[in-house]
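Below is one structure. I have some questions about it.
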Amino acid sequence: MALDKYQIAQRIAQELQDGFYVNLGIGIPTLVANYIPANLDVILQSENGLLGMGPFPLEGEEDADLINAGKQTITTLPGSAFFDSAMSFGMIRSGKVDLTVLGAMEVSENGDIANWKIPGKMVKGMGGAMDLVASAKNIIVAMMHTNPKGESKLLSSCTLPLTGKRCVKKIVTELAVLEIVNGAFKLLERAPGVSVDEIREKTAGKLIVETGIPEMQF
Amino acid sequence: MALDKYQIAQRIAQELQDGFYVNLGIGIPTLVANYIPANLDVILQSENGLLGMGPFPLEGEEDADLINAGKQTITTLPGSAFFDSAMSFGMIRSGKVDLTVLGAMEVSENGDIANWKIPGKMVKGMGGAMDLVASAKNIIVAMMHTNPKGESKLLSSCTLPLTGKRCVKKIVTELAVLEIVNGAFKLLERAPGVSVDEIREKTAGKLIVETGIPEMQF
Amino acid sequence: MNKVFTNAAHAVEDIADGSTIMLGGFGLCGIPENCIAALVKQGTKELTCISNNAGVDDFGIGLMLQQKQVKKMISSYVGENAEFERQLLSGELDVELVPQGTLATRCMAAGYGMPAIFTPAGVGTEVAQGKETRNFNGKEYLLEMAFDADYAIVKAWKGDALGNLVYKDTARNFNPLMAMAGKITIAEVEELVPAGTLDPNQVHTPGIYVHRIFQGQDYEKRIEQRTVRKQLPF
Amino acid sequence: MNKVFTNAAHAVEDIADGSTIMLGGFGLCGIPENCIAALVKQGTKELTCISNNAGVDDFGIGLMLQQKQVKKMISSYVGENAEFERQLLSGELDVELVPQGTLATRCMAAGYGMPAIFTPAGVGTEVAQGKETRNFNGKEYLLEMAFDADYAIVKAWKGDALGNLVYKDTARNFNPLMAMAGKITIAEVEELVPAGTLDPNQVHTPGIYVHRIFQGQDYEKRIEQRTVRKQLPF
């Protein structure tokens, strides 16, 4: 059965390693924070200028001066640090952030990503997405396998304006975990009960399927 | 009579204006701090990372963590701020420092300055001098008019390796105040009792002398 | 050296029509509320605004958009603003979208006297159109120019009479970068203190970068997305 | 996440012969005394050292020079060191002199993921030899490359278990810049405190940049030029 968005986040959380500094984008990526294994020290970076992002505040304890990159009220944790936006993107550009998780409208088989602009629609801007995808060592995309019309979002090449080129390393959808390898989507895992055929059918770009694709474990 | 080094510093202090941020080099320039008129707010920048440099500490109050760019123990003043060396030279490069005073071995008539290296002698390095001369809006050189051999240090072109090109605005020596104008040293003031002829004789580069050169006032 | 102004109206009164101004803040966090209100009242027009966001319809830079004071926005994200969208679609407003890190670094470059910087953000995208690219160590970078702004308007938590500033939490964001970048920098602070009050080790923006400072008042500090968690039951 | 090391010897033990290391400090102010002592004891050789100065004969990097551990110094000022001079003149030691602001900014560039920066320092001088120049708005600049160092070794006043650092006074100097620039950054601190002790608004180097931290000991903090003024008479 296909995963729900919480399970996608939960699966991505399995990619975390002890000591990782992680930047989580808006949407499903934000949910990953709820599934960080208790035995791992993982520090969340918010690109507006915070290392060590904590949970939402208790009601009545919201502080207008303390928000995340999604403009939500948050808290700090012991050992947090604030800094300006140049240093924030400095640490992103210099590869100090170990993992970036973000959403996408389209991903291509060579790792291009489009997630900021739909021609003909009001463009809100790329925010920090272009900086993140151009610089992060390790980018995981969290998204649905298909768009609301049922069309594949895993393409041979993106049709929408790009956010970045050849940068995505891994994709977790409601159906599968895939890795970008040599210009193709390599299937690593299936969602429990989802067939390779269904994934194949919903993947427009080149798909590499070796034998014995395991189901995701939770 | 020719000025002594304290009088050179005193004359340079007349160039200060209220609200100036000033960087003083090692040697005579350092002495300028002693002659800042009491009615002016002048803030001293030390390029190792301090705005608002105060006087030397009282004996017993020296702090190894608090030195100036000459590595001398110093103090802070109310409203001081510390910063790293990149920000320090950032404020220098972006023209926020209003005046830089430094020593020189040679100055040319087009404003080139040489003050860091003598071929054949051990080279100690340029420190921050190249950054300062390349960036400061307003550079005054404090130096003797001639070297120990009696040769002019105000030349048509420098013989020593340059620290910076076309950057010096004004020169104060024991004999004169001169301005760099259109590729020449323009004589502005004479030291009390020093003749224009003596200045002319000791200036190897092109010298512009208009009529009625006043004596310096103290 | 007198940098202290009595209020926002005086601090911004010489900002002329057609100026390029930077405004600190991320979303509605750490924005110069007092100066924005004074600019709205003053009615300065044809402004080019460099700011990460454009406010919301009834707060922040949105208030200036309502009065049609803005000719051009240079921002990384301009959502959440219906009047902005209307003016953009009608051609009244020009917008230049800049990746957030590029925006921040172009401010820093101005403050650090660096004419341009190299960044990989936007390589291979439409942001790169018309820009010089260069390969260093096998990776492609864009050459992006330092900003050139007439005024920077920033909001700090505390400031002293010499212009030294301290920011609070994520309200820091673009404020210290823009403070360094303006030809004239105007700082509004929640608390104006005498020189010597702030710890010199903890100053975020040294006063050399700040030309005008005033004690702000009536801060609303609106929260854009109020998110809370439930008190855990006992 | 365990960044805390027991002492300098452990923190530097994997630094191999031939490494490029950055060392914080200006003169003898804010230098990583403990790590230098450990490197001397360990005898690591053929080092390329990036540091604003080279210490004095019997302190700081001078101690490593005495043991002939340094192959090359990249500095802005190397006076006050007779052994340095001897090795340089005899050809045992290579030196690259870099303007101080360029040195600082090349560290920052590495920490900020910028491959190169433009600076006017050194234009028209022998520092510009072999370097690309470029004119922006009528002014000439040199293209200078970000440093690429295997290790950065810095000294802070306080630090916490997550690697957050706070510096004191002018002992800050190059330390936060180098801390950002090392592939592996080692910080020695006068006082190691638990995470949560430092005010998050007052951290100078966020812990993400620091890989190893330890509580230093027996700091000598030598003063290079003791200058004092007389107590005013009553």
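A, B, C and D are the chain letters, set down in written order, and residue numbers restart from 1 in every chain.
Here is the rule we use: a residue touches a chain if its C-beta (ideal position, glycine included) is under 8 Å from a C-beta of that chain, and two chains touch if they have at least 3 such contacts.
In this text the structure is predicted, and so the values were computed from the model without any measurement.
Visitor: What's the chain with its C-alpha centre farthest out from chain D?
Guide: Measuring from the centre of chain D, the most distant chain centre belongs to A.
Visitor: Determine which of the two chain pairs, A-C or A-D, is joined by the larger number of C-beta pairs in contact.
Guide: It is A-C, judged by the count of C-beta pairs in contact.
Visitor: Can you check how far apart chain C and chain D are, centre to centre, with Cα atoms defining each centre and the answer in Å?
Guide: Computed value for the inter-centroid distance: 33 Å.
Visitor: Compute the distance, rounded to whole Å, between the mean C-alpha positions of chain B and chain D.
Guide: Between these chains, centre-to-centre, one finds 28 Å.
Visitor: Distance from the CA centroid of chain A to that of chain D, rounded to the nearest Å?
Guide: About 37 Å separates the centre of chain A from that of chain D.
Visitor: Find every residue in chain A that makes contact with two or more other chains and list them.
Guide: Counting only residues that touch two or more other chains, chain A contributes 50, 76, 82-83, 86, 89-90, 92-93, 135.
Visitor: I need the residues of chain D touching at least two other chains; which ones are they?
Guide: Counting only residues that touch two or more other chains, chain D contributes 105, 112-114, 119-120, 167-169, 172, 200-201.
Visitor: Strictly by the criterion at the top, what is the full list of touching chain pairs?
Guide: In this structure, the chains touch in these pairs: A-C, A-D, B-C, B-D, C-D.
Visitor: Touching chain B in the complex: which residues of chain C?
Guide: 1, 110-114, 160-162, 164, 180, 194-196, 198, 200-201, 203, 206-209
Visitor: Would you pull the chain C residues touching chain D in the complex into a rising list?
Guide: Answer in residue numbers: 105, 112-120, 136-137, 139, 141, 166-169, 172, 200-202.
Visitor: Report the residues of chain B in contact with chain D in the complex, numbered from low to high.
Guide: Going through chain B, the ones touching chain D are 46-50, 55-59, 61-68, 70-74, 76, 82-86, 88-90, 92-93, 112, 122-131, 134-135, 161-166.
Visitor: In the complex of these two chains, what residues of chain A are touching chain D?
Guide: 18-19, 21, 41, 43, 45, 50-52, 76-83, 86-87, 89-97, 135
Visitor: Under the touch definition given earlier, write down the residues of chain C that touch chain A in their complex.
Guide: By the definition above, chain C touches chain A via 26-30, 52, 75-79, 85, 88-89, 97, 99-105, 107-108, 119-127, 157, 167-177, 204, 221-231.
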